[in-house]
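Here come two complexes built around chain A, the first alongside chain B, the second alongside chain C.
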Partner chain A sequence: MMSSAQLMAAPAITQNPPEIDYWLLSPMLVVFGAAVIGVLIEAFVPTARRRAVQLGLALAAVGAAFVLTILITGSLPEGEAGVGVAFGSVAVDPVSVFLQGTVLVLGFISLLLIAENRSGESAFAAQAAAVPGSEEEREHVMAGSQHTEVYPLVLFALLGMQLFPAAGDFLTMFVALEVMSLPLYLLCGLARRRRLFSQEAAVKYFLLGSFSSAFFLFGIAMIYGYAGSVSFAEVAAAVDEGGGPLFPDGGGRPLLLLGIGMVAVGLLFKVGAVPFHNWKPDVYQGAPTPITALMASCTLVAAFGALLRVFYVPFGPSAADWAPMLWVVAVLTMVVAAVIAVTQRDIKRLLAYSSVVHAGFVLTAVVAASPEGLAGAMFYLAAYGFTTIGAFAVVTLVRTHENGPEANELSQWAGLGRTSPLLAGSLALFLLAFAGIPLTSGFIGKFAVFEAAMAAGATPLVVVGVLSSAVTAFFYVRIIVLMFFTEPAEGGPIVVRAGAFTGSAIAIGVAATFLLGVFPSPVLDNLVPQPGQQQSESLLSAVEGER
Partner chain B sequence: MAVSEITLAAEQHVTAVTSQASGAVLSNAWLLIAFPLVGAAILLLGGRRTDSWGHWLGTALPLASFGWAVAALFEILAAAPEERSFAVPVYTWFSAGGFDAEVGLLLDPLSISFALLITGVGSLIHIYSVGYMAHDERRRRFFAYLNLFVAAMLVLVLADNFVLLFLGWEGVGLASYLLIGFWQHKDSAAVAAKKAFLVNRVGDMGLLIAVMIMFTTFGTVAFSGVFDAVGQAGAGTVTAIGLLLLLGACGKSAQLPLQSWLLDAMEGPTPVSALIHAATMVTAGVYLIVRAGPVFEAAPAAQATVAVVGAATLLAGAVIGCAKDDIKKALAGSTMSQIGYMTLAAGLGPIGYAAAIAHLITHGFFKAGLFLGAGSVMHGMNDEVDMRRYGGLRKAMPVTFATFGLGYLAIIGFPLLSGWWTKEGIIEAAFASGGSVGIGLGVAALVGAGLTAFYMTRVMILTFFGERRWAEDAHPHESPRSMTAPMIVLAAGSVVLGAVLVFGYRFAHFLEPAVGAPEEAHEFHLAAMFTSPSSLAALGMLVVGAAVAWFMYGRREVPATAPEPGPVTAFARNELYGNALNEGLLMRPGQAVTAALSAFDTKVVDGLVNGVGTSVRDSSRGLRGAQTGFARTYALTMLFGAAIVVATLAVRF
Partner chain C sequence: MTDFPWLTLAIALPAVGAAAVASLPRERIETAKRVTLGATVATLLVVAVMAAQFTPAGAERLQFTEVYPWIPRFGVNYAVGVDGIALVLILMSAVLVPLVVLAAWRENDDTPDGGKGYFALILLLEAMMIGVFAAADVFLFYVFFEAMLIPVYFMIGRYGRGDQRRAAAVKFLLFSLLGGLLMLVSVIGVYVYGGTFLWSELVGSESALAGIDPMTARWLFLGFFVAFAIKAPMWPVHSWLPAAAGSSRPGTAVLLVGVLDKVGTYGMLRYCLEMFPGAATWFIWPVVVLSLVSIVYGAILAIAQSDMMRLIAYTSVSHFGFITLGVFVMTSQGQSGAALYMVNHGFATGALFLVVGFLVARQGSTAIADYRGVQSRAPVLAGVFLVSGLAGLALPGLSPFVSEFLVFIGTYAFHPVPAIIASIGVVLAALYILWMYQRTMTGPLPEGLSRLRDLSPRETLAVAPLIALLVVFGVYPQPLLDVVNPAVEATMQSVGATDPEPAIGEAETTAEGDHE
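The block that comes next holds the complex of A and B.
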């Protein structure tokens, strides 16, 4: 077996070009191709038609990629966990396929929200380069300029999100992380209103994101130093043997532990676990709401996918080492975020903290380090994704006045249930799902992750989780009470009529939240390994690669 | 983990082998429930768009359920008698780890009998309502609620476990609440709805606690699991479960001491009184007791209590029925009394189960017919309900008179009509149960028969015979065809159904796989039905009761206002002071306790809760301080976080 170091040095790669299974990579290639074409469209298609072309291309690409993802499930080899493509740098296995499919569906819905264009006014700045409040900005607004670059940017981000949980080695994962993050940094700064605020959020996100990427990269260096490879399979083998080829007599544990810690920091930042969560409320609040929806759903799915892969495959054999660390982080996340959320007065900040708490719940399943934990986490992520997009879609519709900015101040929402029962009812369903009330997807998700954690002996963690749920239920229900049992305030917000795009995003959210709550078996049964089926972390391939 | 091993699914039935449903009709039995449920959803969500055709959809869907139930009956009959119990798994809600939450139906002779009654009589009442509610602008909503009721009631009787049964139980409670208060602009209707809801809560709590005890004792709530394990539990536990189930049954079926809501419930539209408060929902308690037969078999004390409650209620209801001038309230008292008969029979064990259910079904027909008749009279009399303002209506409303009359003959037990066959069965079973208790119960049933004859004859005479005592603007007229047709069908049932069920103990044998057979089998002798002492005595009571009523109301002039009552009449007219009793014994002390608890709550509990709440809020404010908005602070936090992460890992070094 060749080590990666030799592999990289060898010129053999140019003499014997490796065979790459492009079919298995096709979902990513389609999205990538569409993103590149999208850039060209900016250059060659007349302004008037750009939005329609870009949107059509983006939706078609994401839809086609989803169909391909479904088709690929059929061509996964029977009895094996998965396939490593392109030197094992991309793992195609049930987990990555499920997460990619989830990212694509949620990305599709987010695109609908992003595309919403109410009387020529989107959620994005007319001209991001213009100084906020300047004459130039005013001219662009009057001229009805639009940033259609948003669509290729979203496609690039989605490409990164597809690759992130499917990476087969640390370097690919790092590249995916950056491909995913860079477009998001930009998109966050494009809000149409309160632009300085939005730009501030983007810069903060960028600075802190770079900081965490640095941790991640240093961590990779440590791991490479320990195992002599960045491939997940070889790192796993090295960890299993208690020392890689560089430490044939054992040893090197400080390198490994330090590496685990620093890689963990990078990933925990992306999922927004406490104490790496500070960016979330600021960025969620400042970013254009459709982008917030994209981040709250797709980014969370992708980031947790990567986290699960890293902790289950390369670091899997040393679960005893990292489990206590994740215990601490999970408890901190569930407690601190729930407590801070209680006094939030802004709906977007509240949903941001709620997202942090949910990350804590998913972490309890990661701690379980079992197939059930993996399945529970994946179900939870998919269920939460649909619900959270729906919730943010509702936020986009509640405005201070016609053609005004969003009314994000919670006190303004009083009595919304009286004036717009359907909208408030949808939001109430989403909030109940967040709270984990039976017959919503949130209940099944919580049950699955807590059950897995219990089975793995993490009962104290589950107790903290349940208590934290109780605290979160308080502020979710408070919003429902505010909407339905409080008199509408004078000059309260108005609800703009949902366009076809936003309307379908909410409808899909409601349907998924309800269906996954009442009829979860078709999804859940495919994730949970049935008794007698191949056990272990078989869903995740520790891919050897085609060497 | 103990929780993981729980299964809600039916695996095996006590009395018969439960087989997996294979036929197309039975295995899709969920459609029975789905039809009316879809109707309710369309009518409620569709809004005004469905106003013009909603009531036809609302009528068609219960009819579809009825058709499905008939087909299911034939599929059940096609199986050998001992294999007529079918488990129909509907779906697995979810299974996580070792925990399976399954939803399943049980179709056996008992549940299919109920399904047929609910959908059959239910459909007739839907048809009747098309005419009866024609002038109500909220008719669509009415049909939506009726459909909701039918769906919930079917869930109740088809469930294969106590949790699903409880879901249906609450569902019918909700539908009943919505329909009693349907004319919510009337204060009395709103208050009556609230009262029904509150009184039922007491009973529901009993059922809920019973289910919880079953769950903790047996680890399952499936009928099969509970009934199989009931022998191993302690006598005290089983008796407690039995008594709590009885409490639940008393609430739903308006048995003493939870009877007070039923008379007020007559504030609802008359089709509601016929369907929910006469034919189906109020009999759910009897269903519960018969279904939970194995529990009561293991708890003789609870079973005896059931019989005694039934006997007491049958007398109390009859006495109330004697004194009411409001035609619907008189019939409501009668309903209480008749359900008392069924409860009595259900408290006798297997010997009485078939008799109870047979009477329940014939009662469903003749009582629904009587209520629809009363509704028809009210319809023609400008919604007048006071029988002292009726009189001589037989000529103005010939069809109503004829159908009401047949229902009347059936309920008083006129020989060879439906009520006679099934009531005789109960009286006979009471005497046959033996001992002084059996004689006491039998005598109560006989006295009840006399009272029934009295109050029903009174209703009949006051309404259809004698002088016209109508209000000046009353122009009584026969009701439209859509109303009379269901009345005719129900009247036909009141005449022949009893014979069909009882002749040759056909129905009893049909039910045996579900409820078990009595220890000593009785042969059916038609002659004995006429010549046995109990039957002769019942006939005598009938004649006496009817004759007394004739002398009191047929011979004498009926005053337009009720005369000053004597102590006995006042006692009956005030519903045996049940409301005063509730008020004095429960409401006032309840209010005092509530006030005390509320004080305790505000000072101590709220103090604690608020203390927790305040400390959470304060710590929240404190923690928010860390969210400064400065990127440098955030980066520092991350650095500290990284230090924590590395430190927790370093411990492993």
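The block that comes next holds the complex of A and C.
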């Protein structure tokens, strides 16, 4: 165990540089390396071949990182929570490994969507710097320009998402937050169609995102003032003892509470919980749909991973302080978002609000503050990620006309089940999973989080949760009514043929939604924390075993 | 031979059939129909062979049990097993489905896929119906309970009749989902407080739920009860049923009212009562009052209907009132009657819906005002209509009479006042059935109906077994009672209820004894 004084003693570190276990960091290093090489490719590879090279590199890097993620589970010590790498600033434990693996798989599928290139036309602007509607833009479109920078940007974002739930101290977490967010701000503004919308979304996301980051940073300062350290383990120790070295008599409590509140604002913004959800519909709607898929799946997983770690490890001992706050946020999230979602007419906005509601469901598991809650949230996130990517993949295929923009108005979707039964059937399955119908992954996820919440005594939250589920079912069902029970309208939407990339993204979504719903045991028994396990056995909280 | 997985086979057979039908190309609709009929008949045979091996008395309560771990993390098992009540309900479902398929043979020829999807959905639904009655694990029961909404939702919304079908389908699904989600809270509660989902460990004196706080038990009971009351449906959460039945194909309505709604009353008997005996006893009077309201209210609204499908739906609301009344008076006659009522009502209402379906196939209308004097042109059709209608009003000699009579005896033994109020329902039943018959079947034949055909051989084949069953079990209900009674006794035992001593004289006792 290291004291804060030792940590702050910089010379000790410079004189005895820490030995860093690069093997445990290899999944992140691979993605990072590939992202850097991607930047170089932009500089040195001829335009015509860039896309193929970038795409190949990105897919290979994410795939390799996933394989490494699986391999390093074998290197985790038996009987201990995990390993704190690089002076405990990166926590490699079963939870972070699971979340990283999930992010990588979902990132891989999102990359497939991002790569989809239909007759030379991707989802991204030909030249983002050109003024929308200008002559210059037209020239670039005619010339078939492409932004292949998208791929390294996505890799950087994925790197941030890998690190975010694995951070072992607040500063690392903040860095991860920024590494994750900055590329996303940019990617949001790159839509090919409705570019003003897209740019508006990017600006909105950027402004609000920076604002929330500032909250987060300010919160960290408060916590540092309270505990005298940013390390999760030491903050936890300080909270447990009722005060850090600066406040041995316990007088620092206001600092702690302020810190918890402000850090919570930053994290709740990222997961999109009410009242910090307002960016979601606008950004999800404006961003290019493949990027929306990336945000709706990977970002949510990473952000909840970070949220779980912060509330379970450093703030774990003061659960009584933050639980009431999360109760209120969870109830608001489930109720407000569900009600607003009912009035939505745009499929992407609707899925955005639905994502907010689902964040509320996961919050009920966070409130449980138990290994069951942790496991439930993890399963829910993975299950939801596959389903939501699949749903957005379907959205990319429904166009107003051949080579036209996406038909996002729900009313345009009438009769889709008659004209393209397979596609509409897939979407119906995803929607039923969102609604939590048994035999889909959504049901098992819902059961897992609600069971954890109820076991922890949060029955009222569960009741609110099921009532909100009933409301959300209404709008999911309405889409099914539109697709299957309504006659196709004149001039209805065109479903463009799914390319191999989009097709496999949907197929993976369908398979995962069904398999996780019928045979969830392999995941539940092996990958997530088991009931009865101590929290410290699954989430690394101590810096012991440092490498 | 008892080790043979009969129940799993009975669930898997229609499910596989559904997949086969769905994968056939659109053009081969005739093959699809034959596959559907073949699968349903095969399922009926499997269920019949299984039923023949059932030991009614003196054996284990649940028979043909299979238990395999499914999701060990949550203590969930794939556990199936039947007692007498579940067995007769499975039998009833297995009998009704092939008849519905026969009756719906040409019903969907005008839909874009020629009804291929409809037949696949029927098969899928049959698998889930058998599953829901066979489940011996609360979680598994819930999975079937919720999942079976989806095929019905598509059967109403996509293959239903009229402009209101979309709204009716959504209404049906939302009502059911709301109930189901409230039940989910209780299902989770059962696990949190009881630590297991196995039904056999949750009932009886050794129940895992025996020690829970009475207040908690009442809340958990309510979660289940509300879901079942919506399903049954009971006043005041019945309003989805007339809408759904009114917009369904008659075949769908048979399965919806005849089988699906029974899951509600079956659930009350099997889950509400046995898992939460204390809470169930506490809720006796509220439920009895709601049942009485359902009986009278359903009957009055049935009289006022101008659409035959809706009329039959309202009569069912009334009949389900009798069933819940029988379940909750906590006497063995009442519960035997209720269990028997579920079966008989399935046959009687099924026959009524099928006959209305034949009328729809001829004239395309379900409005009472569109028919008159059908009797003179189609005497067989009218005769079948009359017999099934009379069964609906519980005429002696037809099987619903036996069950209704048992419910009355059971209720009277519980308290005379509810029995007297419930008898209003019987009077009104005569009114709505006979008046409907009089308006549609008697009188002079109008011009527009002069080409009306009588029942075709296929239609006769579809409805004749039901009429036969109504008569046979009306005259000789003993086989059904022999199967049902041990299960009812076991239920009474786990609830801790005993039949009240008859208050009046010796003669009364023997009279009651005769009906057991």
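As a convention for this text, the second predicted complex is superposed on the first by the 518 of 547 C-alpha atoms of A that agree within 3 Å, B and C clash if a C-alpha of one lies under 4 Å from a C-alpha of the other, contacts with A are read in each partner's own complex, and residues count from 1 in each chain.
We take it that a residue touches a chain if its C-beta (ideal position, glycine included) is under 8 Å from a C-beta of that chain, and two chains touch if they have at least 3 such contacts.
Treat the numbers as computed from the prediction; the structure is a model and nothing was measured.
Once the two complexes are overlaid on the shared chain, A:Val36 sits clear of chain B and of chain C alike. In the superposed pair of complexes, A:Leu257 makes contact with chain B only, with no contact to chain C.
By the document's definition of touching, of the two partners only chain B reaches A:Phe211; chain C does not.
Applying the stated contact rule after C-alpha superposition, one finds that A:Phe269 touches chain B and leaves chain C untouched. When the two complexes are overlaid, the chain among chain B and chain C that reaches more residues of chain A is B. Contacts of A:Asp525 after superposition: both chain B and chain C are touched. Legend: residue contacts after superposition of the two complexes on their common chain; A:Met454 is shown touching both chain B and chain C. Of the two partner chains, neither chain B nor chain C is touched by A:Leu422.
Looking at the shared chain after the overlay, A:Val328 reaches chain B, while chain C stays out of its contact range. Looking at the shared chain after the overlay, A:Val466 reaches chain C, while chain B stays out of its contact range. Shared interface residues of chain A (contacting chain B in one complex, chain C in the other): 444, 447-448, 451, 454-455, 520-521, 524-525.
Contact residues of chain B toward chain A in the complex are 1, 91-97, 99, 616-617, 619-621, 623-624, 626-627, 629, 631, 633-635, 637-638, 640-642, 644-646, 648-653.
On chain C, the positions that touch chain A within their shared complex are 70-74, 112, 142-144, 146-147, 149-150, 153-154, 157-158, 165-166, 169-170, 173-174, 177-178, 181-182, 184-185, 188-189, 191-192. The touching residues of chain A, when paired with chain C in their complex, are 418, 432, 435-439, 443-444, 446-448, 450-451, 454-455, 459, 462-463, 466-467, 469-470, 473-474, 477-478, 480-481, 484-486, 520-521, 524-525, 530-531. Across the complex, chain A meets chain B through its residues 203-204, 207-208, 211-212, 215, 253-254, 257-258, 260-262, 264-265, 268-269, 274-276, 278-279, 281-282, 320-322, 324-325, 328-329, 336, 339-343, 372, 376, 444, 447-448, 451-452, 454-455, 471, 518-521, 524-525, 528.
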